[in-house]
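Lettered A, B and C in written order, each chain numbered from 1.
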Amino acid sequence: MSTDIGEFTDQEYKYGFTTDLDTDIVPRGLNEDVIRLISGKKNEPAWLLDWRLEAYRKWVKKPEPRWQNVHYDPIDYQDISYYAAPKPKKSLASLNEVDPEVRAMFDKLGISLAEQERLSGVTVAVDAVVDSVSVATTFKKKLAEVGVIFCSFSEAVQNHPDLVQKYLGSVVSNQDNFFAALNAAVFTDGSFCYIPKGVHCPMELSTYFRINAADTGQFERTLIIAEEGSYVSYLEGCTAPMRDKNQLHAAVVELVALEGAVIKYSTVQNWYPGDAQGRGGIYNFVTKRGLCAGANSKISWTQVETGSAITWKYPGVILQGDGSVGEFYSVALTANYQQADTGSKMVHLGKNTRSSIISKTVSADHGQSTYRGLVQIHDTAIGARNYTQCDSLLMGKDSGASTFPYIEVKHPSAKVEHEASTSKIGEDQLFYCRQRGIPEEEATIMIVNGFCREVFKTLPMEFAVEAQRLLSVSLEGSIG
Amino acid sequence: MSPNRATGLAQIALPEPAGQPTWLQRMRRSALDWVAENGFPGHDDEDWKYTRLGPLLAIPFELAQPIDSSLTASALDVLVGNCGGPRLVFVNGHFNPQLSSLTEIPKNIRATSLRTHLHQTEESGASRLFPPPQNSFVALNSAFSEDGAYIEVPPHTTVERPIHLVFVTDGPADAAPILASPRSVIIAEANSRLTVIESYVGLRPQVSLTNAFTQVILEAGANVEHYTLQNEPATAMHLGMLAVHQPAASEFSSYALSLGASLARQEIRVALAGEGAQTQLRGLYMPRGRQHHGHVTSIDHQAPGCTSRELYKGVLDGQSRGVFKGKVVVRPGADRTDANQSNKNLLLSEGAEIDTRPQLEILADDVKCTHGAAVGQLDEEAVFYLRSRGIGQKAARDMLTYAFVSEMLGLITIPELKTLIEHAVAQQLEADSTDDREKTLAGEIRSR
Amino acid sequence: MILKIENLRAKVGDKEILRGVNLELPLGQVHAIMGPNGSGKSTLAQVLAGREEYTVTGRVLFDGEDLLTQTPEARAFMGLFLAFQYPVELPGVGNLYFLRTALNSVRKQRGLEALDAVDFLAFAQKRMDLVEMDRSLMSRSVNEGFSGGEKKRNEILQLAILEPKLAILDETDSGLDIDALRTVAKAVNALRGPDRTLLLITHYQRLLDYIVPDQVHVMTEGQIVRSGGKDLALELEHDGYLADAPDHTLPVGGTP
């Protein structure tokens, strides 16, 4: 390439606007009283408050993890507001009652809160979460007809307490790790899905997360339970305004798949990444884990991570049921001064369990991407299989890419294969495209998109297009 | 960090300085102080993650003393092979001139005991031989090492026959556990060429720890081929560190073999410090029973245009454990780096475990780096094919296991050594318990 | 004159590969450059297309405009096309998508409207029939997993779609069996015309049986040493590239 990549302009972050919402916000700081206040505001049962307090007491004693390959100034956990909700949050009789400002904000984000079919003919039910709370959930009635529960976490606590109590913390406990414990103590909302036995969920479910208020953290919690033989495809999207100060997002996602159930979970993460000098942006410290509890169940994670200043997440699957399958497909892009330490954990316990991990990382400018993964074959996992492929693309002399797989095998019948490569974009490929009249920047984006295609094609159509577009936008200005 | 502190190893006192230069006494003291301050690696140390040191650290070791070994030169030929070149023999970390054959050393080559060399050296000349401590076991070696080899090859000199360094532990089986700390230095001046073999063996089932440290310092254009062959008794423990410094256009290759010891760990650190340097690391480990074999490598691409190749294979039987960690770092500016790493493992039995971590850490963009790791078992199709040709189940499996290993045997360039290792590998495979194999089979059948 | 090369020199590091090439190609003609391995034929093609690792001096005029200062994509816009000796694989980039992007990029420069997917498909299918290209190859990634012959056909398909003024075919015949060679030659002949010049780079006279050139040039050691009519190729086949050439048997294939 004739030109250096060092020169870059402000990348466009089209979701960087703020909306002037009247927000109910708790003063900064964290202590047991704040947790009681949050729990009280949400009218939670005593067991849940106790669970939160237990998490908080564990969290206070936990050291913040430092092993990850990312660098940031210490976070002052007393300088964050742990509850922010657009007012008024009373129960809405219909979607028409959603605050017009909120509705306008989602329109601007391209998310429709009206219950209409999209152009593509695909119906998507949306749970919209602003700052700490869910503001609207669409298509609830239609879903209820087939017994699917899709609502905000707060509603689930009120209306389906038995299910919540049974499964909350069953995959990610309230003391799993530093950020998961923090989340358990202060989580304010999130989405809840329950797919009854044998039901193929009739539409895509999606949650759209939006951070709007300043100086807050977002701590949502998602719980999806797929009963025997059921199927659900779930999508989540995330954006935040451009602010100079870093904001913390520490979410937890728990998935439970019972016998023969399939959960497909897709994320397009586009939190504000900070500016070209590395100021501001979201710290995205997330714990996502699925449990293939039943035989022949399947959990598939797809993530496209283009946003956030720092990403720290390892969506994993515990393959407990015999013959269960775990999949992880990931594209992680870091540009400007973004850092990502992400990968997957596949824990094989059951017989003939299979997992695959496909990770593509792209580092541009000063971006630093790390793949970190664990494949664990326990001595009970007879006939287990794993295939892992991690490819990294480097664009720019100040970018970096690391690959840190951990492979632990305790049964002789296991077959585990890991392959990784790191290189820059092929000069030959660029020249070939340019000889055909495709300018350098376009050619680069084309090749990068090709590099990520294996992952994109696992996304639902609409999201795949969105993911490609995001990648292009994020790379523009980093090339040429 | 939660370093291990109050332990048997850390409590050994420094011996009488017996005629050592004062700078050396001072250096040994400060190395021991470093150990006292920093302790030993805990389980949260990434380099030691899968190797539990607790039991080893609790053993009340005593410093190994020179003894009159019953060993003879012809017995050594059988034990470690005779490659036709000079042989320097160290018993319990002390030089043994009777067993050594120095007559073969070419005239302009310096190959002597490190102790002799250090006693003739000023502090300034020896400073590069004692880099500041970074690692507890290297520091421990600095404190307690009595001797080892010192080899220096002048510029533009080719040493035809390999120089063989033999490290033997010996002593009564019922004696107290001993610590031997051999330390060697190999210096290859510009455009010189040489091969060095280090063999580690023991004569008796005695509890011992060999804590070895070898430095290989190449100058521009030098070429060094290095072998570490560890086949100590099942009662022994072995920790080895090989530190290699490579300037421009130098070439280095190593071959690390682990067959013996209850707990063995070989670490190699290569610094590719000059443009166009090339390095090749190969290794084979075959633990069985309850053996633990660990191999940790790190290749640091500091300069542009360097090439590294790495291939380690493991065959694990019984209740053994294998650990591999291979790190490749590419520093900013180390453009045109070409690095390739592969670790392949064969698990032969239930209860065996392998933990493997190939790692790439890349901070330059014009690079081509790949790594791969695989864990698997024998191809059942191939086993069936052989059986259908009338070869018995066990013979078929042994044949295929040997085929997996033979790639590594083919990489040994010294014929005498190759024969010896082929023999040792065959023995290791054979000894690996028919009954263990039967148990595995029974286990498989039960589980169906 | 579509292409005018004056004293073109190209070096990689200290090694000079082109040592003063002079050549003129009139519009609407077919010329061939022949020569032994390592004579610089493929380097000439790469340098004309704008490969950046060469240090280049001399002058090249394309349709009267200076060529050497242009980027590779600008040369494509001007109407220069190179059929690669070793077509590059682009994993994950769909063949049809790639072709449409290239065509629309070139059309944009020529002030033409972009073709949408439907119009493009109709346009491309005619061209695919011309090169007898298997339709299934269009939905695969560019050149990935293609056989040698399929890759060469894909190059000619791109030529047919992009409609350049000057097409350089670098060893397009290498790796083709006789049937594939006939197909490719038929397609190339169909693309001949008064507004298009073809420059064939080849090792063998064989290709020239099917695509008959107006002129043949001989290149050795980085220079054009002889030029003549189509009979020159036959002469070379018979006598070798140089009367005093030490080795008459030529190795198969060329160097990039």
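Note that in this section a contact is a pair of C-beta atoms (placed from the backbone, for glycine too) under 8 Å apart; a residue touches a chain by one contact, two chains touch by 3 or more.
Source: prediction; values computed, not measured.
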*Which chain would you call central, comparing Cα centres to the global Cα centre?*
A
*Farthest chain relative to chain B (centres taken as mean CA coordinates)*: C
*Using CA atom averages as chain centres, what separation in Å is found between chain A and chain C?*
48
*Which whole number of Å gives the spacing of the CA centres of chain A and chain B?*
44
*asked:* Need the CA-centroid distance for the pair chain B / chain C, whole Å please.
replied: 55
*Would you pull the chain A residues touching chain B in the complex into a rising list?*
351, 377, 379, 382, 392, 394-424
*Could you please specify the touching residues of chain A with respect to chain C in the complex?*
1-2, 426-429, 431-440, 442-443, 446-447, 449-454
*For chain B, which residues are in contact with chain A within the complex?*
50, 332-333, 335, 345, 347-377, 440, 444, 447
_chain C residues within the chain A interface of the complex_ = 49-53, 71-73, 75-77, 81-82, 84, 87-93, 98, 101-102, 105-106, 109, 141, 158, 162
